[in-house]
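In the part that follows, the structures are each spelled out as structure tokens.
Here subunit A shows up in two complexes: once beside subunit B, once beside subunit C.
Moving on to the complex of A and B:
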């Protein structure tokens, strides 16, 4: 069996499962953010109204808000707090970080777990060898909260083998953006994606993270990197980190294999209106941006912050650009302070924001005026997601974001940082 | 004629007239006009009137501090309007959403000079007295008119002299002095008066502490506030890049006439808290100690400067914010953030569990930290009116950064000296 099959078999009490079968599995972790948690709580209280079966398995993270700007939003958070207290679930309040980063840093995710969440990027936990699946709020209310279970159709496994050594200045984020375009949005519906090949295996944990993150854009059910010594070493750094339930493929072949070579890749930018509209940065060079941001599911890692600091070393943010930095977790913010990166980037003209999803969906910051453009490490660029539908969002690597912040226009980072 | 007060001298200078007495109305030519995020109102008014020329773009200072960065598309469009107007009209003194609170940014940048007259679209423009300037708040239409004509009418205020002596006991800060004064004199105690702070204590204060003083004078209705410029002022201006020959200090004369002289002994003071729902409802902290809090806010032009954050960090070092409390820290300016990041203060606050936001007005101006019914915040800001931080059914208490930090640790309103004793024992 492939990894996803093995995890589903164990969690459903079977010796073996096959793609296409429908199983009811025990869920190890439910992740909700402040918006989905609110909706789920409302449905649960109205339609189900019973104690949560395994409150210790449920985690709510306030990440779309870090400091509510309206009373209506304050009510959402206060309602969530009361709900969390009443049901005894884990609550990480404002400032803890982005849902998935905060859950990992808090020790809530382990290899082999089934992790569900009302956030479309929940499959990212495949980076730790967990089976991460995004479900709807009603599914959580209907089966996960009251019974600790959910039904799954066992997905077929597609292996994506990436090889080659990218040129200097081309990062894992560029590779990830490029893969969405190469494979195509919605082209791998309901598959389990195994990211493999020498390129992926040589990446450090937080760079691997960027690949299962693509799952939703490709239409897949879940995505993962088979856990290995890199995964195990990372898991041991987490509070309560355990590899006791780690699962790997038993050698079963994937249903199909897609192969890519990244040796010739240029830095990439995803253009509005969709994540799959990816082009080499050279084609966009010179396009003005007024905003740049490190943050969101695809950024705000210590690696992103360090990459931006390298680009900004001895340089300043362009006077007509506002460069926001949103650490992915409280831990990353503290690490960045200790490493001197907060000071260095602040003095170069960047502005730090509380760990959160930052400008994602513009709940607490990041509304754009008509005609404005932002370049960011975020995961989405749909028109209207950040204020005006007449504004533009470009997605790129931290180095490209930082280089663009310096130049005031979309810029190849290799032209800025020698 | 007897001696002159600071206000008489400052208005004589700005109006080019002599021998003014309180109550007289004159046209003054302010040296600087500050307007914040709501500058878009002024711009729209001007555009509606077809005005295309300004009196002196160099006297205009615009800072996008109140809603920063944009939360709605409307905010974003307002900011963009200001940004483009500044560029088009050659307004050099423009600070965007990443700069911090207007008052603090202008003082740090050397734009506020002793003796000069500064108007601002913010009631707490009295703060400029911390550098010996005459600062006062005006409305949007007044500042719009001044943009075009360069002048504004002003009535010469009566002056009140507030003499403060003695040294503050440990755990007590300039904020506590001001809260006590506001409590004693009332919200209308200094209506349309020039508040001149004198005596040995104000002379010992840093410019940051003087800012807290002059800022809060507004809460007694003062027209402006003033601390005599001295070597501390000059050194601050040196650092801000303002040469000493570029300004002329104005000092009140010996025999100046005051409506009233008030004396206060700082050494007799304990930490004070302003309780809901007015700033002049002030009690010693022990009277409300134990009141359960949901949120603590360290921010605003009153108390979010570097020394305020440092005081909070001293209390929070090695401690954690209580589980049920959100501690929001909003540095007053980018420069404050810089110093805090360099000195370790920022790291201490983060490790204690504080939420550090971008510099600006933040929750004080309702941008973040909004409360729902029944919630309670202790804030280092300057206002606690119902609804200022969200629901009309929420409550705001005001205190010093030390009281705020101690209260964040315990989760209830706490006398900071209680935690200081804990350290030494």
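Moving on to the complex of A and C:
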């Protein structure tokens, strides 16, 4: 069996499982953010109204709000706090960081776990060798909270092998964006993706993170990077980090294997209206942007902040651009402080925001006026997601975001950094 | 389970964000339902009738897995939703909240907006009653049909303690 099948078999008390089977499995962790937690809590109180079976397995992170801008949103957060206290679940309040980063840094994710959540990027925890699957509010309210279980259809496995050495200035995010376009949105519906190959193997943990993250755009159920010594070393840095339940595939053939070489890749930009509309940065050069942001599920990593600082070394943010920097966790902010990156980027004209998920859906920042454009490290760019449907959102690497913030137009980072 | 109704057609890769925009998430359902898919067809939330059928392209309901997008679509009174393919969280949520969903490759070529469609959820067969023509999709898994018949996942879990308790 592969890793996903082994984890599902163990959690459902079976010796083996087959793709296509529906199983009921024990859930190790439920992750909710301030929006999904609120909606799930409403359904739970109204339609289920039982004690939470394993409150210690449930984590709520307020990441869409670092601070509520309206009374209605303040009431939502207060309702969530009361719900969390009443049921005794873990609560990480405003300022903790992005849901997934805060959960990992807090030691809530371990290899071999089944991690579920309403957030569609929950599969990102495959970076640690966990089985992360996005479910809906009714699964959480109906079976995870009252019984600690959920139903799963066992997915087929598709292996994605990436090889080649990218040119200087081309980052793991460029590779990830490019893969979405090469494979196609929704093309791997319901599959489990196994990321492998020499390129992936050479990546450090936080660059590997970007690959399971993209699986939702391909339509996949879950994704993972085959756990190895990089995974194990990272897990040991976490509070309570343990590799005791780590599973590996037996090496049996996946249903299909897709192979890619990244040796000729250029920096990439995802254009509106969807994440799959990806083009080389050269084709967009000169397009004006008024906003630039590091943040979101995949952004706001120390790697992103350091890349921006390299681009901005000796330069300033363009006077017509606002450059937001949103650390993905409190730990990342502390690391950026210690490395001197906070002062350097502040003096270059960037603005620091509290650890959170930043402008994701504009709940407390990041609304755009008609005609404005933002380039960011976020995971989504659908029209209307951040304010006006006539605003544009472009997704790119931290270096491309920073280079564009300097130039005031979408810019190849290799032109600025040269 | 057989459904018959007037079709409202939509395109590929439509995210849940466009079914229910972020700004309406905390509003009451009576307000949310007045804005479902309004950016893509302003007539839809105002003119949709009970029993109508939403027909979409590939990867329908991608992006956020929030069930409220499905609940809002169900609250319009439609009988079922048919698509070339669904985003998996959307498909899952459909059955969990009690909205029948059917995947039919080629449905986009089979129907035009306003046609009447007949769809059999159990066998996956669909027929265009206006223009003629048939297509075959995949019938829903029996576990999911049980879920629909129970009135959704929460009711199934309450009625069948042997499954989850």
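In this section, the second predicted complex is superposed on the first by the 418 of 418 C-alpha atoms of A that agree within 3 Å, B and C clash if a C-alpha of one lies under 4 Å from a C-alpha of the other, contacts with A are read in each partner's own complex, and residues count from 1 in each chain.
By our rule, a residue touches a chain if its C-beta (ideal position, glycine included) is under 8 Å from a C-beta of that chain, and two chains touch if they have at least 3 such contacts.
Treat the numbers as computed from the prediction; the structure is a model and nothing was measured.
Bringing the complexes onto one copy of subunit A puts subunit B beside subunit C with no clash.
By the touch criterion defined above, A:271 reaches neither subunit B nor subunit C. When the two structures are aligned on the shared chain, A:95 is found in touch with subunit B, with no touch to subunit C. When the two structures are aligned on the shared chain, A:24 is found in touch with subunit C, with no touch to subunit B.
Legend: residue contacts after superposition of the two complexes on their common chain; A:138 is shown touching subunit C, with no touch to subunit B. Of the two partner chains placed by superposition, subunit B and subunit C are both touched by A:362.
Shared-chain residue A:67: touches subunit B; no touch with subunit C. Applying the stated contact rule after C-alpha superposition, one finds that A:3 touches neither subunit B nor subunit C.
Once the two complexes are laid over each other on the shared chain, residue contacts for A:332 go to neither subunit B nor subunit C. With subunit A as the corner point and C-alpha centres for all three chains, the angle toward subunit B and subunit C works out to 110 degrees, nearest 10. Superposition on the common chain places the nearest Cα atoms of subunit B and subunit C 9 Å from each other.
Residue overlap on subunit A between its contacts with subunit B in one complex and with subunit C in the other: 73, 362. Looking at the complex, you find that subunit A touches subunit C at residues 22, 24, 35-36, 38-39, 43, 47-48, 72-73, 76, 118-120, 134-139, 141-143, 146-147, 149, 151, 153, 185-186, 189-190, 216-217, 219, 221, 274, 276, 361-363, 380, 382-385, 389. By the touch criterion given at the top, residues 66-71, 73-75, 77-78, 93-95, 322, 324, 330, 333-334, 337-338, 342-343, 346-347, 349, 351-354, 362, 364-372, 387-388, 391 of subunit A touch subunit B in their complex.
Taken together, the subunit C residues at the contact with subunit A in this complex read 13, 15, 17-18, 21-22, 25-26, 39, 58-59, 62-68, 70, 85-89, 92-93, 96-97, 141, 143, 152-154, 156-157, 163-165. Interface of subunit B with subunit A (complex): residues 67, 69-73, 75-77, 79-80, 96-98, 326, 328, 334, 337-338, 341-342, 346-347, 350-351, 353-359, 362-363, 366-372, 375, 390-391.
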